[in-house]
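Chains: A, B and C, in written order; residue numbering restarts at 1 for each.
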Amino acid sequence: MVPEQSPNPNLAGYDLEDLTVATICSHSALQIFHGARQEGFKTIGITNADRREMYSSFPLGRPDEFMEVDDFKQILEPSFQQELIDRNVILVPHGSMVEYVGAEAVATRLKVPMCGNPKVLDWESDRTKEREWLEKADIKMPRLFRSPSDIREPCFVKLPGAKGGKGFRIVASEEEFRHVVEQTPDREDDDFTVQEFIIGTRYYFQMFYSPIHQDGYKAGEGRVELLGIDRRVESNIDELYRFGFSRPELAKADIERTFVVTGNLPMVLRESMLPRVFEMSRNIVNVSLDLFYPGIVGAFCIETVLTDDLEFFVFEISARIVAGSNLYPLGSQYTEFMFGEPMSTGRRISRDINVARKQGELHKVVF
Amino acid sequence: MVPEQSPNPNLAGYDLEDLTVATICSHSALQIFHGARQEGFKTIGITNADRREMYSSFPLGRPDEFMEVDDFKQILEPSFQQELIDRNVILVPHGSMVEYVGAEAVATRLKVPMCGNPKVLDWESDRTKEREWLEKADIKMPRLFRSPSDIREPCFVKLPGAKGGKGFRIVASEEEFRHVVEQTPDREDDDFTVQEFIIGTRYYFQMFYSPIHQDGYKAGEGRVELLGIDRRVESNIDELYRFGFSRPELAKADIERTFVVTGNLPMVLRESMLPRVFEMSRNIVNVSLDLFYPGIVGAFCIETVLTDDLEFFVFEISARIVAGSNLYPLGSQYTEFMFGEPMSTGRRISRDINVARKQGELHKVVF
Amino acid sequence: MVPEQSPNPNLAGYDLEDLTVATICSHSALQIFHGARQEGFKTIGITNADRREMYSSFPLGRPDEFMEVDDFKQILEPSFQQELIDRNVILVPHGSMVEYVGAEAVATRLKVPMCGNPKVLDWESDRTKEREWLEKADIKMPRLFRSPSDIREPCFVKLPGAKGGKGFRIVASEEEFRHVVEQTPDREDDDFTVQEFIIGTRYYFQMFYSPIHQDGYKAGEGRVELLGIDRRVESNIDELYRFGFSRPELAKADIERTFVVTGNLPMVLRESMLPRVFEMSRNIVNVSLDLFYPGIVGAFCIETVLTDDLEFFVFEISARIVAGSNLYPLGSQYTEFMFGEPMSTGRRISRDINVARKQGELHKVVF
């Protein structure tokens, strides 16, 4: 048996009949509020003045209440945190929260009970540790180029922690790599990850792992769930083809290929590949239990390229709700086969809180 | 206070308990009939003989009754119009109706009460006026090239009023522009719009503005609604990449890039960009109130490119239901957060008629 | 009147109050089981050990019971078939079943009652017969190149019966064609189909033809149904543009363009083109009645390219459920206008069994 996890001490004082789900107004907040409301929770949206109007435009997607801040880092202030704790708040973190507040601060300085295991931040933000994790899970990844002088074919250059793909580039030589580094203020060679460019079609798998006994569907038969699939839409790379590639006058324009995420498209996967998706997901969960118990709890995303040999290469995992799940506020092609009721990722998160709450297992999904 | 609008005189004689929604069988008619039926209205489909069978194949998307014409311009005939008026018909205009009947005729010769403010036709079909409108709304647009001799980079050449993208081209020099003009019968330089080609990812926002008190959702908090997002699929430009761009023998084939709209893909937008979409939409509505009161009433579409700097460029607005909304007969990812019931754009139009009817405000949405 | 079809003799012994729907666990099995359950049938999934866990993960998409085999060809064994027959099984064939078991074996050696007319296999797997069928239906197809020496423009080279697009290539000369043949073990020139490469946007139409009286919607008005539209996502061709086409160092990489199906995207079609889709579908059905009565019963798919002249070219038809319908487990944009309740292709198949069963017409849809 695995050792008991010591619960967040603040959770002990919570009134489990009066929980509130809160998040920062960005990223996937509409479905988080919507899903929390479906599960009967109150909701708080932490917002700046600019976004308030937009969220207010959606009667069923807006929070019951706003808490306005000038800078999202304010949520770290003890008084702000205390107010959230006094109101029995469970925070749902998302990519923008990690970006705005900082991964380190979210993991170490936020005392408000939060969905998901904060230890995972260490393992997904450190490229060496992430690779160790995925290799143990028997998952293929793009090769890493450790020295710029090894670059002799097109490679994908990334800045870890980059915001929504900002600054990603393709380079095909050391010289092009140097050019990217020079263009990026305050960065050195070592700050960049240089990955093999895998050619194939991208699939982003929105997964969920619940460590608790499940009531909503038959437990023991599928603890790892597939909640949806999407493809990111990146500007300008995904429509650069419209401009054209071959005509000399266009080549002269010398447009840099960029990879800024602007939205998402819905997809389904060839069904005969689904067993491999579940296998990868279970391996990722199982290895996470060994590496940082209780592992990757809740929503996560496996970001893949599927080659013409029908092999998946995983270029990234995200350990929380991803924006691609915004495609499915009423559930996806896959949740229909699992729940038989509308089930967004936002609702799934609140459902897990709800079921855990009733079963006295809240400390297994909120930390 | 704004001055009262004088209502369509024909509306005065209508039996508000026995309204009929009608449109031409094309474009988005299935969802218009379907949505009208959901709101309890009778429906009439104006069709030619060829299309009748297809519409009949959809028991819930077909009209209750067909009125068959040989030429859609027949709806301008006084006797035809009188029959519609006698039957308490409200027309829902769409892009194909404007195309088949003519923008001028729709605005000036159609006496049948119609959804949306006909004054808008002036402002969207005249490229100078449209630009004035959008500039006042603080919206970025692609630069215009006023003289062909200024063309020194790839530009997008459009024929205003072109049918579904027919005849659109990319040119990179005055010479290529001349070639396009020569290929187009009965047209001169001045008939063409030459726009900067903005590189990024396209998002088409299906918006709705209702000037009346809303019952279906909380009013005053979001009068401008986002009903869905799509991307147009254009032939051949959107699959030309499959043919290949680089191999010399393919280049020899010298295939012209074309932009004929053939369908639509569903999308969601990065949530942090939604506030800007609402801001643009509200600005567009507010400026329209100043320019042609009561402004852009009902469904409209903002057609954008989102660059890798996360800036929107608006290359067009459409002042009525767009075909991209055909993706969402049960509502989109965004209507779910607003209505909590299936809400297509077609239904939203009939819902507005319905609510206005009950509140004695029909003249605010039907003209 | 057409002659009566003699029913599958095994069907005579079936208990119509206790039917079971079965298929092989692959391709579109989740929606087939899900749809059969919605129509009140028991379900059996024929699986190998590897796939069992994945299907078990979907409580509403998994079969009630698994029958495990080592090799899917085992379903041909008389004792296996007898067990299915003893349990009143109706098989729903899909592309993977045809691939795993063999088209010839499915058509001639399977005695278990099966949805759809097995005679169709002859007509879709033989390129000459398929062309005869489609030409009689007044449908445009890509030109065929009968001699490799005629190849002077980019052509699409296919291996009939190829698995999910494996081995498809583009060639632009006889020399390139020879190269493809040499790379393919045990194949000769004549085994390959060389087709004109049609440039446009792809639309895959998921159709359904029911020969029986319909209760679920008004019969006689639309016997041919459009259940959904998708676009296949093929690796690597559909994301090769991200790698780039024009830079010399990339050209050197000399990446082969490949067409392996990995998934599907949802689409809607320009509404004014729908009448042509219905016309093509009705022609295909009507000609099939002449060529191999009772024709193409049940689900089929028309695979098209839509050019910028708004003409459809049909490059293939599939005579059963296609994987693109996996996009629509609750129905598509088009079924909503037809059924007013969630209707996947999987459910539509079971609905037809159900209605036929009650009306004593099961032999008209199960053979």
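Just so we're on the same page, a contact is a pair of C-beta atoms (placed from the backbone, for glycine too) under 8 Å apart; a residue touches a chain by one contact, two chains touch by 3 or more.
Computed from a predicted model, the values in this text were never measured in an experiment.
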Proportion of interface numbers common to subunit A and subunit C (over half same, under half different): different
When subunit B is superposed on subunit C by its C-alpha atoms, the rotation angle in degrees, nearest 5: 120
Subunit A and subunit C, separation of their C-alpha mean positions in angstrom: 35
Contacts with 2+ other chains: residues of subunit A: 238, 240-241, 245-246, 265-266
Subunit C-facing residues of subunit B, complex: 26-31, 34, 50-51, 53-54, 56-62, 96, 164, 233-236, 238-247, 249-250, 253, 255, 258, 260-266, 323, 326-330
Residues of subunit A touching subunit C in the complex: 153-154, 170, 172-173, 197, 199-203, 217-218, 221-222, 224-226, 229, 237-238, 240-241, 245-246, 251, 257, 265-275, 278, 305-308, 310, 333-334, 336-340
